[in-house]
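First subunit A sits with subunit B, and in the next complex the same chain sits with subunit C.
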Partner chain A sequence: MTTTGALQGEYFISGDEACAEAGISAGCRFFAGYPITPATEIAERMAERMPDVGGVYIQMEDELASMNAVLGAAWGGAKAMTATSGPGFSLMMENLGLGIMTETPCVLVNVQRGGPSTGLPTLVGQGDMMQARWGSHGPYEIIALCPSSPQEMFDLTIEAFNLSEKYRTPVLLMADEAVGHMTERVTIPPVESLKLYPRRKPTVPPEQYRPFEGEANGVPAMACAGEGYHLHVTGLTHDERGYPATSSADAQARLIRRLIAKIRDNRADIIRTESKWLEDAEVIVVAYGISARIALWPIEMARAEGLRVGWLKLITAWPFAEDLIRELAARVKAFVVPEINYGQIALEVERCAAGKARTLLVPHAGGDVHEPHVILEAIRGAAGR
Partner chain B sequence: MVRQDEPSTPVERMDGHELAEVSPQHPMDRLLRRDRLPHIWCPGCGLGTALNCFLNALIQSGLDPDQVAVVSGIGCTGRVAGYVAMDSFHTTHGRAIPFATGLKLANPKLKVVVFSGDGDLIAIGGNHFIHAARRNMDLTVICVNNFIYGMTGGQLAPTTPTDARTSTSPTGNRDHPFNLAYLAAASGAAYVARWTTLHVRRLQRSLCEALLKPGFSFVEVISPCPTLYGRWNKQRSGLEQMQYYKDQSVIEHGADPRQADITLGGQIVVGKFVDIAKPSYLELQKG
Partner chain C sequence: MDRIEIRLSGFGGQGIILAAYILGKAAALHDHKHATMTQNYGPESRGGACSGQVVISDAPVSYPHLTQPHIVVAMSQEAYAKYAGDLADGGLLIIDEDLVQTNGGKTNARLFRIPATRIAEKELGRKMVANIIMLGCLAALDASVSADALRQAVRSSVPKGTEEFNLQAFERGYAYGNKLLDT
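Showing the complex of A and B:
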């Protein structure tokens, strides 16, 4: 352990533990949560580790409270996070909206399990991807990252904190049970070597500060409580001062356009993908999370059969990599989308392919990952074999 | 005014009268956001008095307003956060307490005050309320209790006395209400007081004590809502409601909050019910 309390070195830990350690390395000093399988290990690790680093762990009465406590802590000046799974994620939707509306940086981890409802608490699912996109009411944009390994649970948690500070918005880490519970070697770099995006503070005196006026990239600087700025922060539609402006469609348009634009216009900076064999591909398997990792095996089998198959891993599920899918659709025959649900990200792929390439969903109800041969069959079908 | 959601500068009251001119100065100006006035509350509403008592108590407490944050939920009382010239947060319905909990724990130097209504804090936010009291979380919670949902137009609240009428209990409430003081005390609050907006000086004193009390301090402020509760229950003006409080209230410091149920037409026991020394949440963290 280093003097900052963050770990450094090689560890054999689970994805959930790696996520908690990444929070600590990223400077997260507030964790509020409620026990839920398969995300509980994140809370347990935080409960153990927060005292080492002078941070706060609090177990709240439910996930509504957890999400709110995280927002409050962010306005109190802390980097803050929570972690949950399906049923808790549903409860967090209400105040995810408050976080988006009030432009509150924070990280919300969903270790997805099989659903709907209580579903399969201990087994994998990827059925919350559209909920991540649209689960809170009203028009908004969201950032969601999908780790495929314990190492990525670490790396993308750091990334999630950075994006949340850079764009002043809650960021979702959409993990899944397989990745959360998988134990592997995780390299934790020294804190000093991490690029951490600091909270951008106002440089003007309180009289001139407008906490909801977009500056660079449409993102306002953020003062916190107790800094003398006399902030007013509301979930109502508000003007640049933060004052309610609920009788004006103009104020609504100004606010919503900026909230959407600060993500959409910066998507080139936000979106991350990883790929293999795209150059010669006539079929591309598009996947994320554990499914992206599973897909590599059938792709290699298909390539051994002489099929020209590529692999596109969506590290960022939201905003969706639509420019890339459009571009690829113009030159491939088909996309194959294995996901542990009955068609969510596949719908986005299909939308962006816009009829130029076919989209084949490989659904899975949850509880397990895809059998490689099922994906292989889909690839063969897509390639016309 | 009956409203779902209203303009920040209403132009006309429900009765059609123009709004009064805003006076050029007010003794509380330095603690109010003048650029947000006039406020949205109805004539005769107790919220102005409750806010005024709070601001006076804050001055009396000697706390630095720059280190005080006010957190509200949704409803008529929820608008308090929007009028105070301090760091202020208008959160979602029922969630002021957990938001305030995060704020306080992230920056324990702040004095965090939750100012919200009975429907907000005790119905939709009831679970958060009892858990914050259980933890003896270092928060001051001021609950303005007007026995009804004002912002949405006068519906049944968890505080509406049995038999009282509201727009969703038009023939009289056939349900039991919460006794907030008892609920707070039973849940673990270190400080519990109840006053009406008629008891201005006593309310102010209690609010000052609450602000300076470590742990969970709770002040219930019984407040007239002539526009809705009054209209449904034959007390059409704020004055009539105040007269009712004057006639019905009995000051009984140290009263057992279990004996302090509020019933339609019954006594309203007011006073300081609980003021005990027990480790606050933050004190407990020190080990």
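Showing the complex of A and C:
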């Protein structure tokens, strides 16, 4: 262990444990949550480790309170996170919206299980992807990352904290049970070597500070409670000072335009993908999370049969990689989208393909991952074999 | 090395999941291979059927689940009934001979019978190290994970203060497995 209490070296740990360790490495010192399978191991690890690093772990009465505690901790100056699954994610939606409206940096992890409702507590699902995009009310943009391995549970949790600070917004880590519960080698770099994005503080005197005025990239600097700046933080539509402006369509227009633009206009900086064999592809498998990894095997089998198949992994589900899908749609026959739901990200692919290439959904109700041969059949069908 | 798939199975409370964890850790951290460990999660933790799976490969493991295991270790009748039939042709089947009655089953499996629980209880005085004895046997009967890697992983995975006792159990299983190969 280093002096910060963060681990370093090679570990054989689960995705959930890697996520918790990444929080600690990223400087998260506040975790509030309510245990729920398959995310419980994140809370458990945090409960064990937070006292080591001088942080706070609170088990709250439910997920509404957990999300609110996280927002409060962030305004108190901490890096903060919570972790949950399906039913708890539903309960967090209201206060996720509060986090977006108040531009509060924090990380919310959803280790997806089979749904709807309490569904399959111990088994995998990817059915919350559209809920991640639109689950809270009102117009907004969101950032959501999808890990495919325990190593990515670590790397993308760090990334989630960085993006949350850079864009002053809650960031979702949309994991799944398969990745959360799988155990693999995870390399944890020394904290000193990690690129951590610090909370950007105001440089102006307190009387000039406007906590909701966007700067060059649309993101305001963030003073926290007790730092000598006047703060008013509300979920109501507010002006640049943070004061409610609830009878002004103009204030609403200014605020919403900026909240949307700070993500949309910076999408080139936010969106991450990984790919293989796109150059010669006539069919591209587009997938995320555990399904991206499962897809590699049938793609290799299809390529061995002489089919020109590419692989596109969406590391960010939101904002959606729409420019890339548009560009690819102009030169491929079809996209194949395996996901453990009945069509969510596939709808986005289809929207961006805009009729230029076909989109074939490979659905799965949940409880298990796709059998490789099912994806292989879909690839053959898409290639016209 | 091709992809090797291993299933350790028994009932909850025998340390099956810990054994699978140690096996995966040995391969991933000490033999420097790619290893993915998964476990069957059910609501029950004691008494019910229990299984831990490890996939070991020189290349990154894309598909994390078993397709057809090359090695099955069964430490309960229920686990044997559920999993022994999946074994690949010519695969390695290791059973705790006091806990599992074989019923013919796969004829071309390489079958080894180990009294792991009896050795743990009668010779070492603690039934709970039967899982580590099994790992020792496995190290003798198959080279997918090296014995040295397993020793290191046992040492770093068992509760503090029990390292030497667990390593003693490992060596006892390793010797038993080697003796079976000689006869």
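Just so it is clear, the second predicted complex is superposed on the first by the 385 of 385 C-alpha atoms of A that agree within 3 Å, B and C clash if a C-alpha of one lies under 4 Å from a C-alpha of the other, contacts with A are read in each partner's own complex, and residues count from 1 in each chain.
FYI, a residue touches a chain if its C-beta (ideal position, glycine included) is under 8 Å from a C-beta of that chain, and two chains touch if they have at least 3 such contacts.
In this text, all values refer to a predicted model and were calculated from it rather than measured experimentally.
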Next item on the list: Answer with first, second, both or neither: which of subunit B and subunit C does A:P372 touch in the superposed model?
Entry: second
Next item on the list: Mind working out whether A:T122 is in touch with subunit B, subunit C, both or neither, as first, second, both or neither?
Entry: second
Next item on the list: For A:W75, select first, second, both or neither according to whether it touches subunit B, subunit C, the two together, or no partner.
Entry: first
Notebook entry, point to check: After lining up the shared chain so the two structures overlap, which partner does A:F12 touch, if you call subunit B first and subunit C second: first, second, both or neither?
Noted result: second
Notebook entry, point to check: Counting residues of subunit A in contact, which comes out ahead: subunit B or subunit C?
Noted result: B
Next item on the list: Check whether A:R185 is in contact with subunit B, with subunit C, with both or with neither, and answer first, second, both or neither.
Entry: second
Margin query: Applying the document's definition of touch, where does A:R351 land relative to subunit B and subunit C: first, second, both, or neither?
Written below: neither
Notebook entry, point to check: Where does A:I294 make contact in the superposed view: on subunit B (first), on subunit C (second), on both, or on neither?
Noted result: second
Item checked: Contacts of A:R331 with subunit B and subunit C, given as first, second, both or neither -> neither
Note to self: Under the definition above, what is the set of subunit A residues touching subunit C in their complex?
What the structure shows: 10-12, 37-38, 121-123, 178, 181-185, 290, 293-294, 296-297, 369, 372
Notebook entry, point to check: What residues of subunit B sit close enough to touch subunit A in their complex?
Noted result: 5-8, 33, 35-36, 66-67, 69, 71, 81-82, 85-92, 94-95, 97-107, 109-110, 127-128, 131
Notebook entry, point to check: What does subunit C use to touch subunit A in their complex?
Noted result: 21, 24-25, 28-29, 34-39, 41-43, 61-65, 153
Next item on the list: Using the touch definition up top, name the residues of subunit A that touch subunit B in the complex.
Entry: 29-30, 32, 56, 58, 60-62, 64-66, 68-78, 80, 94-95, 97-98, 224-226, 228-236, 243-247
